[in-house]
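Shared between the two complexes below is chain A, which pairs with chain B and chain C, respectively.
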Partner chain A sequence: MSYAVETKDLTRTFKKGKKKNNTNSKTSNLIMALDNVNVTINSGELFGVLGPNGAGKTTLIKILATLLLPTSGSALVDDIDVVKYPEKVRKKINMVSGGEHSGYGILTVKENLWMFSQLYGISNKIAKQRIDELLKLLGMEDYAKLKISKLSTGMRQKMNIIRGFVCDPQILFLDEPTLGLDVQISREVRRYIKTWVRENDEKTVLLTTHYMAEADELCDRVAIIDNGKVLACDSPANLKKSLKQDAVYHIEVNLMLDNLESFDQIPGVKKFAYEHKTQTGRTFLMFILENDCYISGITEVISNNSSQILSLSKAEPSLEDVFVSLCGKALEDENRTQN
Partner chain B sequence: MKTELKTNLKAILGRGYVRLVGAHREPSWVITETLLPLLTTAAFVYVYKALKAPEEFTGFVVLGGAMTAYWMNVLWSMAAQFYWEKETGNLEIYMVAPISRMAILFGMAFGGFYMASTRAVFVFLIGSLIFKVNFVLISWEKLILLFLLTQISLYGLGMVFSSLFMLFGREAWHTTNLFQEPVYLLSGFYFPVKSLGLTAGMIASLIPLTLGLDGMRQLAFKGGSEFGLLDVNLEIGGLVLLSIFFLFASHYALKYMEYLGKKEGRLTMRWQ
Partner chain C sequence: MFIQRIKENLKTTQLAGKLGWSMEANWADPLLFAIYSIIRPIASSLILVFMYLVVTRGKTSFDLFAYIFLGNAFFMYVYNVLFGISWVIHEDREHYQMLRYIYISPIRMYYYLFGRGIAKLITTTVAVIITLAFGIIFLKIPINLLEINYPLFLITLFVGLFVITCLGILLAGITMLTAHHSFALTEGLGGLFYLACGAIFQIDLLPRWLQYISKSLPLTYWLELLRRTILGKSLSHTLSRYSDLELLLIMLLTTVLLALVSNYIYKSIEYIARKTGKIDQVITY
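This part shows the complex of A and B:
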């Protein structure tokens, strides 16, 4: 079977540099950026690589984009070996990195995009047409004639994302595309990426991110990577299911209910806990149910107690929980520490 | 094959476009890149006038002053360029694109030549008018040929430097800086290179500007040949060889440095 991307035991090490130890002899250390990575990505798939900084995400994408040689193993893009035939691979791909400052400040947004489109031999007419369409779709038409030295970081990154699509690649590598972007711009970018893949069966996106929500929202499948190793690879839903962790219902009511212990006896309730806040007079109930359908029984009991439900929410295991269970650390905590 | 050629030609034009536009968009260049170099040229002219040097020397200096624009362009906008491109993330984009890397270098050279020419013409015309330079063309065909060969070999040298400096960090900037002044001396920008003696002159001829300037002076001024290092035809032959050598050298240097960069992970410096 042919894949858009396939890696076989892909390994990449970097020299850490030479350090003098106590005996004054020089020893060199190797950093294992990728450790026998085996990943397959189907054509038409939006595939995410999720992991903390330094996990190996960028190294993987750079090997696939022919910017880096693997130490061992192999990588195929559309069945073409990236080491043996990089020229053929480059005809099918493009790459955008987050936090890029690429482009030339002296040129306008449109001129920069045209200039980069020429690297793919696109005719002037098609290039200009695509650039106009993309600028409009991503809400940048008002910036088209502005020099990019005058753009904000977010707008410049948005322009770079447009650059990735201008050549209409078969496979697009996006390395942390929403890094440093504000919520609104990130949302627009994510929406466009999703639409682009959904509307074109043959288009494939490999996206690296350390934002859980981004991977969850966008990706058909996600590979969780840490210390150069792929720890899990599946759809976000299956990854969450694999935790075998139940969904928790949170209900807030306005009174202290009588006979709270009896909630345990309601059919379908696996676990029950509560907390009463005397200051507000409100009670917080937490349930784990055998099945979602049992929630109606609980709301009925609450109503019979002449109490009013103020809020009801269901908390399912998140990709964050999956990551913690696999890596033994929280991704967000690590990012916070590094920042 | 035809498609690849078309793509590479478009890439050359695309990369050159940055400099074609850049040559005019920021008007401050008139002061920094023409009026200031003109001051240096003027200083040498007045030194020669004070020493009552032959009249041709004024023309020699003006021609040298104009050619400075090309050397500065090759040094700062060719040799060190891949370092800046790497810093901004542009190099990564070029390396992922389905084009020959030489197309990027040719684009830089073609745009750079145009950019430097606007500066050189300005210095040449203003200098010639102010100092009333008297030109006597011996052979305009040879003069044009010599000028073009000088540019091809000079930008070829720039392409070699660019390839070699691709993997450099900030040292690219320092190395470039290191070349600037010695070449002013060795290439005889403001004096006939013959004054250095034959051996030093021949060594200096490895820099294309040395032969180019010397030949152009012989062909553009009445007593120019009296101060020439070699016969003009020999200089044309030398420049042909240098052009071929530098173009091939840049191709192989680029290929090797790209391989090394991909092997060592230094092709793109960020987020490794």
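This part shows the complex of A and C:
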């Protein structure tokens, strides 16, 4: 069967750098960015790769986008080997990375986009028409003639997202495309990505994110990745279903509790994660319990710690809970902002 | 297929040339840019004039001054283009953060860099013309515009510019791997060519082992032929045994070899950069 993207035992290691007095074995000086990753993405699919910073998401995209070579294993894009035939792969792909200030600041928005369309061999007429359409769709028509050095970070990122679509690629790699964008712009971008894939059956998007809501809202399937390993891969609904028989509780307390690790030892606790907010001094606790009857043991431990429970709720399993159940840790603060 | 590829590569070169020109010309308002373009080469020439006057105290022939002046004027291409093309990698990767997107587009990077080099060639050509005009008018350099062998001059000039661009691309490749040291490398290589290619003195004066290097470099023949076509003579005894045609053939041969070496080394380095993840590595240097 043919896939838009297929990886087989894809592995990538990086050297940690020179270390003095390193007496350990050779492998100890290596960081495993991707560890035997096997993923298949169907044509027409909006596929998400979800994981914390440093999980290996960007490394995966870089290999698929022909920017980086794998250490071992193989990666195929539209059945073409990215190592052997990068030129052929490049005709089918484009990539956008979030959270950066890329772009030729001396050129206007339109000039930047036009230049890129030309790199992909798009005729002048079609390019201009498409650029106008995209600028309008993403609410940037008023910025078309502005030099991009004068754009705000959000607008610049929006322009970069348009750059990704302007060549109308068969497969688009979006590496944290909404990173650093405000809620309104993020929503517009998500809406456009969704529409683009839904309206074009043959188009495929691989999106990496560490925003749970983004993955949940956009993706047909999600691979959860941590420390370079794919821990689970399914539709968001199926991933959440896997926790249905468990009881998921979210508790907010007013202090940073001591011995948080001891929560793992409480009977009935399958997984536990927490996040302390230094600004408010509050701590957010997430529990996955075997069943509801174990919650009383939890509240007792919290009370014994002289801490006050500010809120307690039984939650419908979310992707974040799935992530906690698989990784035993929570993602960063931004998730709550995005949510 | 082959013609289609040539068309694509030409388009890439043209597009990169346009982008390069936007960058060359857009950094200041046109008047400031024009003033800078005139003053810079004249100031460089004046430095050379004063150095010549101090060192020789007027005891050396004017022919030597013309030899030095012309060599120095055309050598501007070497420094500007070598530095300019290797700077493209640094600028696109660090400043504009666009190298990764250019790299993963369907174009060939080699031609993209070639195109960006053309923009540098254009601005340097303006500087060379201004320098030569300044030399003819104010320093009485004996250049008779009616006696220049234009066909040979133009062939020589373009072959030389081609080889300089190939060298620039080679340096750009090295810059992909060594962001910190690319400036020193460019300066060093430029300095080596300045010394070994007869830019300011005849290669006859160099130690024998260095003369072998000089003779393997197309730029040596380039400068010699430029002097012969413009001044009608040259001062190098070593090269005087060759006719113009022989020099041109040697230059073409060494140019082809150097272009092949440049292409091979660039591709090898690009592969290493892709392997080590340095193509888009921003180190804010």
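As a convention for this text, the second predicted complex is superposed on the first by the 254 of 339 C-alpha atoms of A that agree within 3 Å, B and C clash if a C-alpha of one lies under 4 Å from a C-alpha of the other, contacts with A are read in each partner's own complex, and residues count from 1 in each chain.
Methods note: contacts are C-beta pairs under 8 Å (C-beta built on N, C-alpha and C of every residue); 3 or more make two chains touch, one makes a residue touch a chain.
A quick note: this is a predicted structure, and the numbers were derived from the prediction, not measured.
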Superpose on chain A as described above, then tell me if chain B and chain C fit or clash.
-> clash
Where does A:Met115 make contact in the superposed view: on chain B (first), on chain C (second), on both, or on neither?
-> both
Answer with first, second, both or neither: which of chain B and chain C does A:Asp168 touch in the superposed model?
-> neither
Applying the touch criterion given at the start, work out whether A:Glu217 contacts chain B, chain C, both or neither, answering first, second, both or neither.
-> neither
State whether A:Glu133 touches chain B only (first), chain C only (second), both chains, or neither.
-> neither
Return first, second, both or neither, reflecting whether A:Lys62 touches chain B, chain C, both chains, or no partner chain.
-> both
Would you check which partner chain A:Glu100 touches, where first means chain B only, second means chain C only, and both and neither mean what they say?
-> both
Do chain B and chain C touch any of the same residues on chain A, and if so, which?
-> 14, 62, 65-69, 87, 90-91, 93-95, 97, 100-104, 106-107, 111, 115-116, 118-121, 163
Residue numbers on chain A that touch chain B, as the complex places them = 14-15, 33, 58-59, 62, 65-69, 87, 90-91, 93-95, 97, 100-104, 106-107, 111, 114-122, 163, 175
Please give the residue numbers of chain B that touch chain A in the complex, ascending.
-> 3, 6-7, 10-11, 13-15, 17-18, 21-22, 25-26, 88-90, 92-99, 262-265, 267-268, 270-272
In their shared complex, at which residues does chain C touch chain A?
-> 8, 11-12, 15, 18-19, 22-23, 26-27, 96-98, 100-108, 274-275, 277, 279-280
Residues of chain A defined as touching chain C within the complex = 14, 62, 65-69, 87, 90-91, 93-95, 97, 100-107, 111, 115-116, 118-121, 163, 167
